[in-house]
Amino acid sequence: MSVDKDTVRRIAKLARLAVPESRLEPMAGELNGIFQWVEMLGEVNVEGVPAMTSVVAQKLRWRQDKVTDGNQADALMINAPGGEDHFFVVPKVHE
Amino acid sequence: MNAPIKNKLLKGETGEWEIVIGMEVHAQVLSQSKLFSGASTQFGAEPNSQVSFIDAGFPGMLPVINAKCVEQAVRTGLGLKAKINLRSLFDRKNYFFPDLPQGYQISQYKDPIVGEGEVLIDLKDGETIQVGIERLHLEQDAGKSLHDQHPDNSFVDLNRSGIALMEIVTKPHMRTSEEAAAFLKKLRAIVRYLGTCDGNMDEGSMRADINVSVCRVGGYEEFRRTGSFKSLGTRCEIKNVNSMRFIAQAVEYEARRQIEVIEGGGTIAQETRRYDSKLGETRSMRSKEEAHDYRYFPDPDLLPLEFEQSWVDAIAKTLPELPDEKKARFVQGGLSSYDASVLVAERELADYYEELAKGVDAKAAANWLNNEILGRLNRDGLSITDVPVSAAANNSIIQMISDKTISGKIAKDLLDIVWTEGGDPRAVVELRGMKQVTDTGAIDAAIEAVIAANPDKVEEVKAKPKLAAWFVGQVMKQTGGKANPAAVNAALKIRLNLPDEG
Amino acid sequence: MSDLTAMTLAEARDAIRAKTISSRELTGAFVSAIEKARPLNAFITEAAENALLTADAADKRIASGQMGALEGLPLAIKDLFCTKGTRTTAASKILGNFMPPYESTVTQNLWDAGAVMLGKTNLDEFAMGSSNETSAFGNVINPWRAKNSNVNLVPGGSSGGSAAAVAADLCLAATGTDTGGSIRQPAAVTGRVGLKPTYGRCSRFGIVAFASSLDQAGPMTKTVKDAAIMLKSMASVDAKDSTSVDMEVPDYEKLLDGGIKGLRVGIPREYRMDGAPAEIDALWSKGAEWLKAQGAEIVDVSLPHTKYALPTYYIVAPAEASANLARYDGVRFGYRAEGVRDITDLYEKSRGEGFGAEVQRRILIGTYVLSAGYYDAYYSRAQKLRTLIKRDFEQAFELCDVLLTPTTPGPAFGVGAKTSDPLEMYLQDVFTVTVNLAGLPGISVPAGLSENGLPLGLQVIGKAFDEATMLRAARAVEMAADFKHSPARWWSV
């Protein structure tokens, strides 16, 4: 599996990263180097091996259904680069 | 009993077509707080006031699951007669949108909490069909973007962000717009009975995405036989149909559109469409179509969701009687299948009916509820939960009709009085002297008074026996409507010496 | 006392309790040391004023006899821990001047124990790096220099600022986070102790996430005893982190001096790597001898999937990171690009301008390995490999109680020496990353100097949640190594 310029463009789009046209080719090269190295995992027979879903042997902790949070619209907004009247503001979205 | 296939076909230019419908319903879990945070789920709060830093996707924030939401999902699964999975996984569904603060939705992809189940739906013509449930999974709701507040900007409110949803996915087992609407109504009834979702479509607590495809006659049968989707047409998904009213319209329009496209030599592109209720049409949402690749993977912030069968069994013990069971009981009590299915559609209505029908004839109670109570509620724009006269009070009215204490006509007047003025019906009947008069002495006296006042009519009635009805009316008037009409008839016949025909 | 800043955490604690020094004096000494050490660029944010105020408050509590376990002790905090009201950057432009309205559980635990925060230390951007050269706030310089050299060396990474601060006596101890070796590797190349606890021992709440299934906070200290003291306060069972494990936190300091008689120490043969410098192997063998001399039994063990650990890591960590870093989108906090056309443009430019090159590379790797058609070949396979790697350790731990390995493949290297080839940089974590994949505790202890006079570390790996035994073994290494070296203070002349 080889990563080309178009693949980098497609992944960059999925990841919402503006990668300048001039960086696509070199990035493809860098990624290829890494993926070629990773190919060695193909050597291992993983048949019947369960994929790890948690590294700790513990049951998921459950929370009680109580309202314990909220009412902090001001605190939510202090870091907002676009904010008005307790709303986050973004360029108009066309759905 | 299955209606002939014929009734389910749509006619096109080149022949008949079958419609195949599947649904994905998002039902908001009834809980105090969100799926992974302690913020409130209450509807209609000030913007961003019910938002934790978890819901807003702030750095370092971690999800912790709400036990109640897990219980509600299991409860719903049991109500759908579905397989409960004792181990399920939460996955991240990755995409960018301003109302999705984490940049991913925590959902369940490969291993949902609930597997296959079924829902029975009753159609008007008496047919009952079974709609298969594919799965139910838990996931987070997104926030809300407001687009009409500013010419260039959208405003984002995250109050909804992180609220627990159950996504319920059906198999493509519906074949008419009526079935689709009936399914959603039934599903809504079930979750409301269970208390797991309030079913409030206006507030967005229940939203349906409808998958519609069309195929030539026989395709659906083949699909059911082989399980192969190849025998079905390409489907389009109509997103977020938010009103019961529009479901049938949207399905109908979309099926006709697809048939036209195919008959015109075109092909259906698998796409997402939106229903515009003003224009009554579906439109492609191309903007949402661009290369979706959600990159699902198990959320490393959460461990697998696991619980014991004994816990599921304990929940099963607390399940209320559900619409199907209630309906069967009502039918056994003497109601028609259709009447029963209408009554059980709303738990409150069914509860009201049960109270109303205590110790009286089931059919009489159902009629009284349908004709008198629902009629008045409808007139006043009220729902069954705010009916001003209790079921017990109405029950006593029905009892008074059946033991002939009052006539059917008086009963309606009586209901009007207690509807507006309140009061115990029996006391009102006593107080206002509304009891039906069966005492022959009193009736005879009234007859004598009418005869004495109208000697000319006495002569006429002998020639024209039909005039007897006029006499009955006069006697009823004389007794203030309280005389038993049958008794008046009998007495008049004797007194006026009328022939014994009907 | 001649040089307050040279004290260990334990010494300072005892001096404060004996009232021979005040927190104010101690904190003041560190504040001026930090000012003088700015050429090291160890701190992104200095918090001198607040530190002195906190110290005064601690002194009042000390006077009234109410003392927490770390009362009045000045610490440095990696700038990946959210600190309420103090800027938290993750060394990224994209977090801008992010001011957390909340405190991470680990730092809250430290403040509850009475500790004083001197400032927020530099790191690789979003903890992605092994040399602290990816920080948007500039490189950190290792206080150590090679024999007869003026060349600037890297302090390791990603907790490079914390490592430099501890090595240069700019704090008594510091916090770090370790996803693939980010505590142990910088500790090793700066001649200090770095401990990564068992996954789930320290809460991740309020720590800017890199790779959620691997990230773990831990202490960076001057001695093993200090690490034991710090860990006790940092660790807790936290209802706000679903992966925090319900297990009592022992008093590690009390359990430290039991000796290691009869302890079975495993030497994993796969850690002897072709092309590794001879001095690394030699030090490792010496370490085994030290432990044997103190009564331990040396056991040869095998961890057959070792060589797959690093490539596995470079699938799992970027995959998780690609999702964890999706929230940096310029909408609710952090950097937002100017002059954007629409929402997509806002995302792409804010993220394109806000993230540095290494972070972007890892986001792209992660996005790729999760994308349609590649998930099974990469991500799913990597998670299966992880199961095998964990099994390796479980089997090895049937034969031994702890493992002894080198920490790094070599000493600190020059600034810029490995930045052109990402793979060469990734190899820095070859001995540490297995531990993260298996969720185990690991500790690096300074064990000697390289030929060119730079510190080298040995790593002790413990069983899950058995940090106490691991610390005892580390203490034995520390005593035998008797590492007394410190860097010359070239920066403050």
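Think of it as A, B and C in the order they're written, each chain with its own count starting at 1.
Basically, a contact is a pair of C-beta atoms (placed from the backbone, for glycine too) under 8 Å apart; a residue touches a chain by one contact, two chains touch by 3 or more.
The model shown is predicted, which means the values in this text are computed figures rather than measured ones.
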Most centrally placed chain - per-chain CA mean versus overall CA mean: A
Chain of greatest Cα-centre distance to chain A: B
Inter-chain centre distance, chain B versus chain C - centres from mean C-alpha coordinates, in Å: 58
Between chain B and chain A, distance of the C-alpha-averaged centres to the nearest whole Å: 41
Rounded Å distance, chain A centre to chain C centre (Cα mean): 23
Residues within chain C bordering two or more other chains: 98, 101, 213, 239, 242-243, 322, 326, 329, 331-333, 343-344, 347, 367, 371
Per-residue overlap in chain A, given as positions that touch at least 2 other chains: 14, 16, 53-54, 56, 58, 60-61, 63, 72, 76, 82, 88, 90-93
Residues of chain B engaged with two or more neighbouring chains: 53, 56, 64-65, 96, 98, 154, 156, 293, 295, 302-303
Footprint of chain A on chain B - complex, ascending: 31-33, 37-40, 46-54, 56, 64-70, 89, 96-98, 145-147, 149-158, 285, 287-288, 291, 293, 295, 298, 302-306
Of chain B, residues touching chain C in the complex: 53, 56-65, 92, 94, 96, 98, 101-104, 154, 156, 293, 295-297, 299-303
Chain A - residues contacting chain B, complex: 10, 13-14, 16, 53-54, 56, 58-73, 76-77, 82, 84-95
Residue ranges of chain A touching chain C (in the complex, touch as defined): 1, 3, 7-8, 11-12, 14-19, 27, 30-31, 33-35, 37-38, 40-42, 44, 46, 49-56, 58, 60-61, 63, 72, 75-76, 78-82, 88, 90-93
Complex contact set, residues of chain C against chain B: 81-82, 88, 90, 95, 98, 100-102, 104, 204-209, 211-213, 239-243, 319-320, 322-323, 325-327, 329, 331-333, 343-344, 347, 367, 370-372, 375, 379
